[in-house]
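Presented sequentially are two complexes of chain A, the first with chain B as partner and the second with chain C.
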Partner chain A sequence: MVDIQLMGLLNATLQAATLLFIAALGELITEKTGILNLGVEGMISIGAVTAFMTAINTENLFLSIIVGVLSASIFSSIHAFVTVILKQDQTVSGLILTILGLALSSLLGKKYVGKKLMVKIESIRDVAEPSNIIEVLLNQNFIFYLAILLMITTSFVLKKTMFGRRIEAVGEDSRASDSMGLKINKTQFIGTCIGGAFAGLSGVYLTLSYVPFWTDNMTAGRGWICLALVIFGGWKPYRTAIGAVLFGFLEALVPRLQTYGFDLSPYLVKITPYLITILVLVVLTIYKEGKTGAPGNIGRPFFRENR
Partner chain B sequence: MRKSWAVGLIIISILTMACGGAATVDDYKAAFVYVGPADDGGWSQAHDVGRQYLVDQTGIETAYTELIPEDATEFRTVAEAYIEQGYNIIFGTTFGYLDAMAEMAEEYPDVIFLHCSGYLKNDTNFGNYFGKMYQPRYLSGLVAGSVTESNKIGYVAAFPIPEVIRGINAFAQGVKETNPDATVEVVWTFTWFGPEAETQAANALLETGADVLAQHQDSPATGIAAEAAGAKWISYNTAYGQDAAPEAFLTAPVWDWGPYYVEVVEAIADGSFVPEAYWGGMDTGLVSLYELADGIPRNVEQLVNEKNMEILSGSFDPTIVEDSFIDNVIGTVNP
Partner chain C sequence: MNNYILSKKTVVNDLATFYSFLIGLIIAICIGSVILLIQDQNPISVFSLMLKLSVGSINSLSSSLNKAIPLILAGLGISIMNSVKLWNIGAEGQIFLGAIAVNLIYINIEIYNSSLLILILLISGFVGGSICILLPAITKVVFGVNEIITTLLTNYIIIGLTIYLVNGPWKDPKSLNFPAATYVGEEVYLPTIFGRLSSGFLICILFTIGAYYLKEKSVFGYEMRIAGGSAMTAIYAGINARQKAFFAMLIGGGFAGLAGAIELLSQTHRVSIGISQGFGYTAIIVAAITGMRPIGIFLVGCLFGALTIGGAVIQTIGVSSYIAEIIQATTLIGALVSQFFFTYQIKEVKDG
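Let's turn to the complex of A and B:
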């Protein structure tokens, strides 16, 4: 019994982590280009609701995944347009994206509340009660493996390829990059839309696999945890993944603590991700003179004319 | 324009006086405020079904606003808009509207405020109403106890407040009668309507070996989790949730607000309304156990029917315990 509970916890940890990680990785890419997008919560919601609606109406999983990813990406282009083209405040625009995304998803999904999904992204091998780690891994679906692939690819692209170096250069010092002939607007626009697409995939994972139905506020603040995750991970894909597993573990732990008979307040566990993030920032400030790994230009609009 | 209104009003008032001076349902308009979507498959939908029943039975004009958070300002904005439009009965259908309703009842003495699940009232225009949900919960416990094979029953519960605790205890009391060896394990989610918190809690309980899950939650997430694990499920609020998990669905303690809404509106219309703390039991039809799913043993069905009759006749009532759990419940009331 203990084994089943432990493996159940591990299983839930990986599922929660997958959702958090994909959106956080997308936000990491966006932030690397120097754009801060606080709209993660809204983008996940849009991806989640559109994928769910498509799945209910067409029962075509492939199409639903595409629709979820694309609509979140298109939705994120609002932020790209406002911040990259119009050069407006990124914080305000991001917050609006969150509020708009949540409200829009409620509106779109109104008729779909509580509807039963006939198709669902199946795990590689369905194990009702996994009893060892292999079975837990097999019990994940392809998005989990895709997340691992995305992690490796993103890390490789950012570190080893010309394209990645350009992204990083734009985020670090857009003025210098501009002098070097890099296309700032284009890079930032694409970076934001990639972030949106990743958040959309998280949304797809949420409604087509993790909790296979739709209601208002399905995201329940996960978008904010994703933002904290990027900081925790120091804008590095692998460290972000470790953070995702840690935060996912805490999320999976909250309801289980009670069945283990611990007398720990669930509220305390719920604030832990944020406490850990603040702690990481404090430690970095003390030991690394504040070098958190944040891109130098993050949050600052680039005006070519202003020298 | 204003003059013609006045003339019209005078004519109407003369006519009504000619008819004996009694007010009718046509003089009233009722507005409902819901915390969730009107079609949430749970709590708010149960109220909305009641509202539709009220319209069918009395012909009163009604309106509703859904998804209004449990927040005084939010409620006030909606309620004031209704009052401006001439609505003079306001139903607030969640506990969190309490303070706003109490204040507004003083500000608007001509409007009647009725608050579901609250405990405040006044002598003129503010009452509250609720139902003895612990009665059908006890009956559902009889079913759960007889169906479980692992002798472990899970209970996904929202908040550790008296209403929920007495429901769990009544349920466990039913379980004990059909299966003295079974335990009821409780996991708190700290949300009325949180599909993922509910899913996580349900999974945590299933991992402990529970094969029957019950809930005091407003979404069918627990049922979906149970169905995926091949376990059984006792829903809550309405039977609409059963479509979400037809294989797992056993039964559900359900609300039927319609008859109460008709009764109270008719009392208001004929002038006999006095604000009260209405707490309807199964005998009023406000709460009941939904019909049992196929495949439940005959003898269990018989037992449920017997106990049902006893509660209806008043010869039996499950014990109310609100400050601690009875001995076959695993969990804590102060998490």
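Let's turn to the complex of A and C:
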């Protein structure tokens, strides 16, 4: 009995972690190019609503996933255009992406609130009550495995390939990179759109698997936790994944506390992940004494003044 | 071969922000029209209805200005914090905690002079907002934790606290369908000036002038700007940058908390989840669009208040109220885009 509960907790942890991790990984790539995008919440929301709408209307899962990923990526290109091409403030632009994304997805999704999804991304093998780790892993769907693949690929590309080194160079010191002949604008633009696509995939996972329905503001601040995760992970894919599992665990644990016999107000319990996020950020900042591993140029627009 | 490079203009038009705002607004109205057309609505009739129902009569005009109060106050708070180059994304939570503080003091204090009581409650709202930002402020100045994320996360904590209070300790047994706290007594309602306009609007005018003075004319404002600029300059000038940042954050949070207090005392009259409908987020747009200028925040706040009322009333003809939010957000994007053309120029550079 305890074992089943524990495995149920693990199952829920992995699901919550997948959702957080993919978007966080996308943000990590964006930030590596020196662009800060605070619009993660909005991009997840856009990906979620467009995928859900497509799934309801066409019942074609593959198409829904593509639509969700692409629309979030196109949406993120607003941020890329405003900050990379026009050199405007990244904080303002990112915030606006969140506000606009939430409003736009509520507008689009208005007719879809409460609709029942006929198709859903199925797990590899559906196990109602997983009793061991293998069954928990089998109970995940392909996006979970895709997330692992993306983690390994991203880490490899950033560390070992020319393309990854270029991204890192642009984010660290765009002036030096520019004099080396690297294409700053192009790299940052692509980096931002990749971040958007990843956030879109998180959104797809949210509405087509995690909670298969649509309501307003269903992202519930997860986009902001993703931003915290990038800091938590010190801009490293594997560490970010560890962070995602940790936060996924919190999200999974909190609603279960009462069934475990703790007498707590469900309303108060819901705020603990946010409190813990702040505490973790504090501990992390003290521990690293300011050396957080952030790309040197993050948040600063680049333009060649005079050569 | 000719190359084109970007360069910052040496002389930027004084009214650049204003023109950018106007261009942004026009772009936003165009985009809004397209969205309405897609939804089979006639944009001209929708917009004229919005105009009529938001500023067309004394009652609707005063409702619009009432909506502007929280946007302006929270926006001013954000702009004060921006003097030290810090972002306050937590105005939404600060508005809620301001209202919670008002209710907490109200149910625990016995004062029979209602003017004095109202004054005390308004101050508690301000203090509540400051308390709300205390954790992000301490973690920022002591440890250097990113305030954007901490202030934002605080929103979720405070809104969670509000839901807990109105479902638990403060729950009004008479309010069945909508969880809310018990109403405050009529003796603490803010009086109206004309139509439905609450006297909170006067407080708002006072605080706009105060924020302008604080930011532009006072020694503290000057020190904040230095502290927000280069760390070395602050050290040479003997300015304690951390201290300035700390107080700027507390004042900024207090402004938003006051907005929550006014909202409770003049509009909702009780604590509920309806104290703020995203005012804290809209206030960010209001502040950013004006380049953080207090007078601008006041004017754009009034306009956005009208837009919010307009958005709410067109729901009755089946148009989503989100159209107002989308117009507000795209105005800022449009303004950012046009700001580019005022501050940068594209130069032609001949190679060789």
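Brief remarks follow.
Heads up, the rule we're going with is that the second predicted complex is superposed on the first by the 278 of 307 C-alpha atoms of A that agree within 3 Å, B and C clash if a C-alpha of one lies under 4 Å from a C-alpha of the other, contacts with A are read in each partner's own complex, and residues count from 1 in each chain.
Here is the rule we go by: a contact is a pair of C-beta atoms (placed from the backbone, for glycine too) under 8 Å apart; a residue touches a chain by one contact, two chains touch by 3 or more.
Not measured: the values here are computed from a predicted model.
Shared-chain residue A:M218: touches chain B; no touch with chain C.
When the shared chain is aligned, chain B and chain C each come close enough to touch A:S106. When both complexes are overlaid on chain A, the residue A:A128 reaches chain B alone and has no touch with chain C.
Once the two complexes are overlaid on the shared chain, A:L146 sits clear of chain B and of chain C alike.
In the overlay built on the shared chain, the residue A:L38 is in contact with chain C alone; chain B does not reach it.
In the superposed model, A:Q5 lies in contact with chain B only, and not with chain C. Of the two partner chains placed around the shared chain by superposition, chain B is the only one that A:A252 touches, whereas chain C remains out of contact. In the superposed model, A:I242 lies in contact with neither chain B nor chain C.
Ranked by how many residues of chain A each touches, chain B and chain C are led by C. Of the two partner chains placed by superposition, chain B and chain C are both touched by A:S265. Chain A residues in contact with chain B (one complex) as well as with chain C (other complex) are 106, 110, 220, 265, 267.
Across the complex, chain B meets chain A through its residues 36-37, 39-42, 67, 185-190, 193-197, 199-201, 203-209, 219-221, 224, 229-230, 240-241, 243-245, 331-332, 335. Chain A makes touch with chain B in their complex at residues 1, 4-5, 8-9, 12, 106, 110-111, 113-114, 116, 128-129, 210-213, 215-216, 218, 220, 251-252, 254-256, 258-259, 263, 265-267. Those residues of chain C that touch chain A in the complex are listed here as 5-8, 35, 87, 89, 135-136, 139, 143-146, 148-150, 152-157, 160-161, 163-164, 167-168, 281-282, 284-285, 288, 320, 322-323, 325-326, 328-330, 332-333, 336-337, 339-340, 344, 349.
On chain A, the positions that touch chain C within their shared complex are 38, 78, 82, 86-89, 91-93, 95-96, 99-100, 103-104, 106-107, 110, 220-221, 224, 227-228, 231, 265, 267-268, 270-271, 274-275, 277-278, 281-282, 285-286, 290, 303-307.
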